[in-house]
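Presented below are the structures under discussion, each in the form of structure tokens.
The same subunit A turns up in both complexes below, where it pairs with subunit B and then with subunit C.
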Partner chain A sequence: MSVEAIEIGRLLRGSTRGFVAGCRVSQLDVPAFGSLVRAPLQAGYQVFGLIYDMRIDDDGMVRQLAVTDEVPDYVVHDNRLNRNVPVELSVLAVGYELGGKISHMLPPRPPLCLDLIYLCSPQEICAFTNHGRFGYLRHLLQNKDVPLGELAAAHFQQTGAAQASCGKADWLTRATAELIVLLRDDYPTLMGVLGALSELNTEA
Partner chain B sequence: MPVNFQTLKGQIEEMGRQQPAVQKDLQDKLQRALQVLRAYSEDLPAVETRLGVALVGHDELRCAAPASEALAARFPAPPLPPEAVVLAADGSQINPNRHARVEFSLVNVGAVCFPQAKETIKTRLIYHDDLYINGGMISEEVVALRRDLEERRRLVELARDTQGGVVVTLTDGQLELYRTPQRNAEFDHALKDYMEVLRQLRTLSTAAAGYVDRPRSDLVVRLLEILSLPSHEVDQAGRARPFMPLYDRLLFEHVLTEPGDRSAVFAIHSESLKEFTGDLALHFFYLNVGQGQQPYLARVEIPAWVAESRLLLNTLHAVLYSQSRLMSSRPYPYVLHRAHEVAVVTQKDQMEIEDLIVAEMMRNGIWDLRTSNKQSAKDLPGRNMRK
Partner chain C sequence: MSETEPNIGYVIGGGLKASLQARLTVPAEKVQEGGFVIMETEEWLFYGLVTDIMLGATDPRFADEQSENRLPPQISRLLYQQALYTNLEVLPTLMLERGPDLGSPKYEAWRKEHPDGATPIPVKTIPPQHTPVRLASAGDIAEVFKGNFVIGYTREQGHPVQIDLERLVKRSSGIFGATGTGKSFLTRMVLAGLIHHSSTAVLIFDMHNEYGPDDIAADTGQKVLGLRGQLPQKVRMVGLGAGATIRGQQPDFTLELAESDIMPEDIEMLTRELNLRETTPATLSALVHCFGPTRWFAEFRQMTTNDYIEDDNGKKIPAPGSVQAWAAQNNVNELAAVGLRGKLERVFNLPYIVERPAADSLKKVIDSLESGMNIILSFGDHEADLDYLLVTNILTRKIRRLWEERTNQYRSHPQQHKEPRPLVIVIEEAHKLLNREMAGQTAFSAIAREMRKYGVTLLIIDQRPSQIYDEVMSQLGTRITGWLGDEEDIHAVLSGLAGRDALRGMLSRLQPKEEVLLLGWGVPTPIPVRTRRYNDEFWRALKGRDKVVTTNDLISRLGGDE
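Right after this comes the complex of A and B.
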């Protein structure tokens, strides 16, 4: 499916609804909040998900270093490279591909520990998000742990750019309209989501 | 009830009641010791003469001896050479346990290198014949001896591969090798290897040191006691202890008044260190790694080749102070803490290693693997009377 697969980490733990990947700090410049990622499990089967959180743990040593007057670069490097790793990426499962067919339902099986996680290419993003009628968005709406407005905005921004490169410049408008329909009975949430999406126009 | 708190309470109260008098006694001895220190500070020939007399017929005497600096001198931290490389190694072990499902031991040595921020780990499983010496299972002391030796060997390997400025090699604790209560062939063999390791560190011109946090040694106090004896009582050296229980750290807290100060370098006179001669002769100094008006003293052991080189001594001094400052209010060399982090074998690690060995034994048809009945009883959920 991909031309050049960008590896962003390996699975630490997971369930049908989502999983947590671990990555080195040196890998952290690639994945972004809202990115669509995939975890290939076996030939013809892979799980798709959206990154909704990135977590960097502290410990007693880091807290102590944080209040030191001057922390040399090598100590910062050491702590990032060798300590408090891996950086944890929380991913919300939004669909899967089996035998060449994409589905926006939850995957039949979660990825397994140490499975590699890849960032989706623009072509893969287009293939996944063009499938059906935005069915995967309901996973965002049903999960109370994700920052819905911010995640939708980040995802729409990245996917909108990918879709534009694939010649579908109207994707963003259609996706926003679908989200409004899905949230029509939840006015406060809808306003929050639209508020976040409006930031896209401001930034553009 | 795990402890008889009724009985204990009275003893604790008595301990508290006695404390002011203990403190006053200690303060009196401290003031007297400081007077002797200052009186003899610059007069090193007199100190050496008195020590020489005291040592006649008393080879077993253990105390500090002046090197070349005034006894009460203090030296501020020199600037940190930017090209200095710091290596630290620390070890951890699993001791053999006859009550466990399988008999094994393990030595784990972690090492770190800065500023490269490289960490390495070496793990050695000790099993079968290696578990036995002199017809019996190796003791915890022998495992500790092997661990210490592995730490030092690792430093030599890393120092050899290091390029750049002065290389500082650090271990936690005294530079002297862990000493078994009774000398035996294993210790003698390890000591021989250790001397060779030290010679290699010497050849590599490293600033080798052992860092002792919160030291409790009294080598300088013992020297001052000898100096305070009347001339006709010098033969009482080592037996008359007028300043006991004073120890060096309390003394030097009043000398090293500024953060970063180091004391004079002292030699060590000790029967147990007679193998450490020439360039390898052990020396030490105290270093105030505290902040502001709160002194916090560490004891740093160094071999003679470091003590006699201004470059190595100053680099070591600057590196240790700078490393300790990284840990802000609880100063301790960052690099040593990192080596400990890399090396430490936790209880959970130990269980996992034991599980792996048991699984491998079973794969090879060995099924009779059980803890002893004593261990089994200890592992039962205990009584819980507090809930």
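Right after this comes the complex of A and C.
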């Protein structure tokens, strides 16, 4: 675990397949769609997950403000800073680490309420995504709720950069090839995913 | 074995009957139809021929859509690598036991069972899925195609392919190919190899004077070296008829046929050529009955027609010595006899059939063949079908009888008689002699069928194999065939061979020039080869080899060259 771990929220609810973390708006500039996060539970055991959704729910105050004629800046600012309802980060469980060993299987136990959730550092990203042969991608493919193409593109973009900094510049190519292998019998899905990945390429 | 080639794919399915399927892991253009591939398992080496190359996709839409227009190049490349593939159809032909490792304790026992090492046998089982497939190396080719004469090179990698000429001529064989496919160059090379290397006597009926004298190639205009000039100690060029010259060259001796050599069956064989009637056999039989088998031709030749005299009563009667007089005396149909005499005029006019030849040139031909010479009988100016049919048949009939006699003598009394020298009779335009109508009448079909026992075989050269009688074709052990366009010709060449369907496609897609398919008994497995060039270099290489080269020599030589 890195010394300067970036905390992004606390667990609201969870299950074996994923969990939801709540965070303050002030914390929201750090996590991103597709980021790899971890939830340390006890010494030597932590659950890894991918952020696949962020949700900002309204409350009564926001509803009232929204229909007010003019909302001064300080009111907007105050509402964001001191809101009652947290921003919700939906996380897909993709693996865990137990006793220093990384696994791409689902975690044996989900994290508990109010467990702290941290963003993974590039080193942690590299360690997790280099393990095995992209086994964690199957969790993305099996979960019908996640926007697969977009999530894969966002995740590949962030991880590709992290891997490049770890000296594995070919990771992105290998990961794309693996995804194609996994999806080659599902033409519409694969073309959707590749479409999203092409955006990545044109950006780069 | 020398260096091994890298893998090009792996077996994914198929069977003995339906050919094996292999997934290609290299680009499709690295492999060509007819490529010789090896599949290696723990115990066996399987040899096979690529008979088809097919494109496939995990989903047809990957192939339909040109995704490279929509996706960035690196992604479309990755996609194509995973979703598009090429399958090979491999016709398994041979398998070779690998045997235990040299160092292993089982090796001694295995070696005792296989004193000559393992030899390839026809394939009886198949390699399992995921067996790696690789292209054959020069060493692999040499291991399978053991021989003494390089006939050509594999198409993709140019590894030399050898044939065993001694084996080739143990049974009748054929060289086929449409006109202009390099048939006569290939024949020249095979003949040169046969004459130079093997102990077999070769008798060539050179209808178009191609093989003996130097020639000019029809398409390139370059000089083509003849066999007589290149192998003067082993080849005798024989001209037909006294005073014959072959392309301005003086032959070693000339051949004349005696009238007594002509048998009634020689004439019957010409039925189609001379447009003879069905009464001919009866008339001929009467002639033989009347004059004897050696005199009939001479007597009939001297008879006159339409020659009448008046008898004592002033009545017109046939003159003595006329056909009509003979017919009347012998109860032969007069019209039939006169008709036959007229039609045989063409034969009677042949200048090389004489009453008494200056020397017994026929005996000279046979003696030469027996004494280690090889004969090229050039037809010179007598290039008509009539000459060809008549002369080849008479000569072959005599040779056949002689060889049969001598073999029987040798078999009864091996101490007193020498075994006759094996003989190959080379006939061009073989369909003229071996078509359905003629085959029964000429000596050739008998040779193709049964003369193997007596050491006489045929080497048939033809451009229309479909015209050759099926029974003769089916007796051909080895077939070397260039491109054939006609479906029937292809069918004829492949008759009686395993894997016909696969080979048919290969044959029809041979390059029209300088590519041939080797098939049949004389080669361990069918294989398409790029033929050697017939030029000065060929002769240098051929003559440079005094000793018979072993496979091991060849392998080491190949290793040294590369």
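The rule is short, and it goes like this: the second predicted complex is superposed on the first by the 197 of 204 C-alpha atoms of A that agree within 3 Å, B and C clash if a C-alpha of one lies under 4 Å from a C-alpha of the other, contacts with A are read in each partner's own complex, and residues count from 1 in each chain.
By definition in this document, contacts are C-beta pairs under 8 Å (C-beta built on N, C-alpha and C of every residue); 3 or more make two chains touch, one makes a residue touch a chain.
Not measured: the values here are computed from a predicted model.
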| item | value |
| --- | --- |
| Overlay on subunit A: subunit C relative to subunit B, clash or fit | fit |
| Which of subunit B and subunit C A:S198 touches, first, second, both or neither | second |
| Which superposed partner A:I180 touches (first subunit B, second subunit C, both, neither) | second |
| Touching partner for A:V75 - first (subunit B), second (subunit C), both, neither | first |
| Subunit B versus subunit C as contact partner of A:R83, first or second or both or neither | first |
| Least C-alpha distance (whole Å) that remains between subunit C and subunit B when both complexes are overlaid | 49 |
| Shared subunit A contacts, counted only where both subunit B and subunit C touch the same residue | none |
| Contact set on subunit B toward subunit A in their complex | 112, 114-117, 119, 325-330, 334, 337-338, 341 |
| Subunit A residues within the subunit C interface of the complex | 173, 176-177, 180-181, 184-185, 187, 190-191, 194-195, 197-198, 201-202 |
| Parts of subunit A lying in touch with subunit B, wherever the complex brings them together | 61, 64-65, 67-69, 71-75, 77-78, 81-83 |
| For the subunit C and subunit A complex, residues of the former touching the latter | 58-59, 61-62, 67, 70-72, 74-75, 78-79, 81-83 |
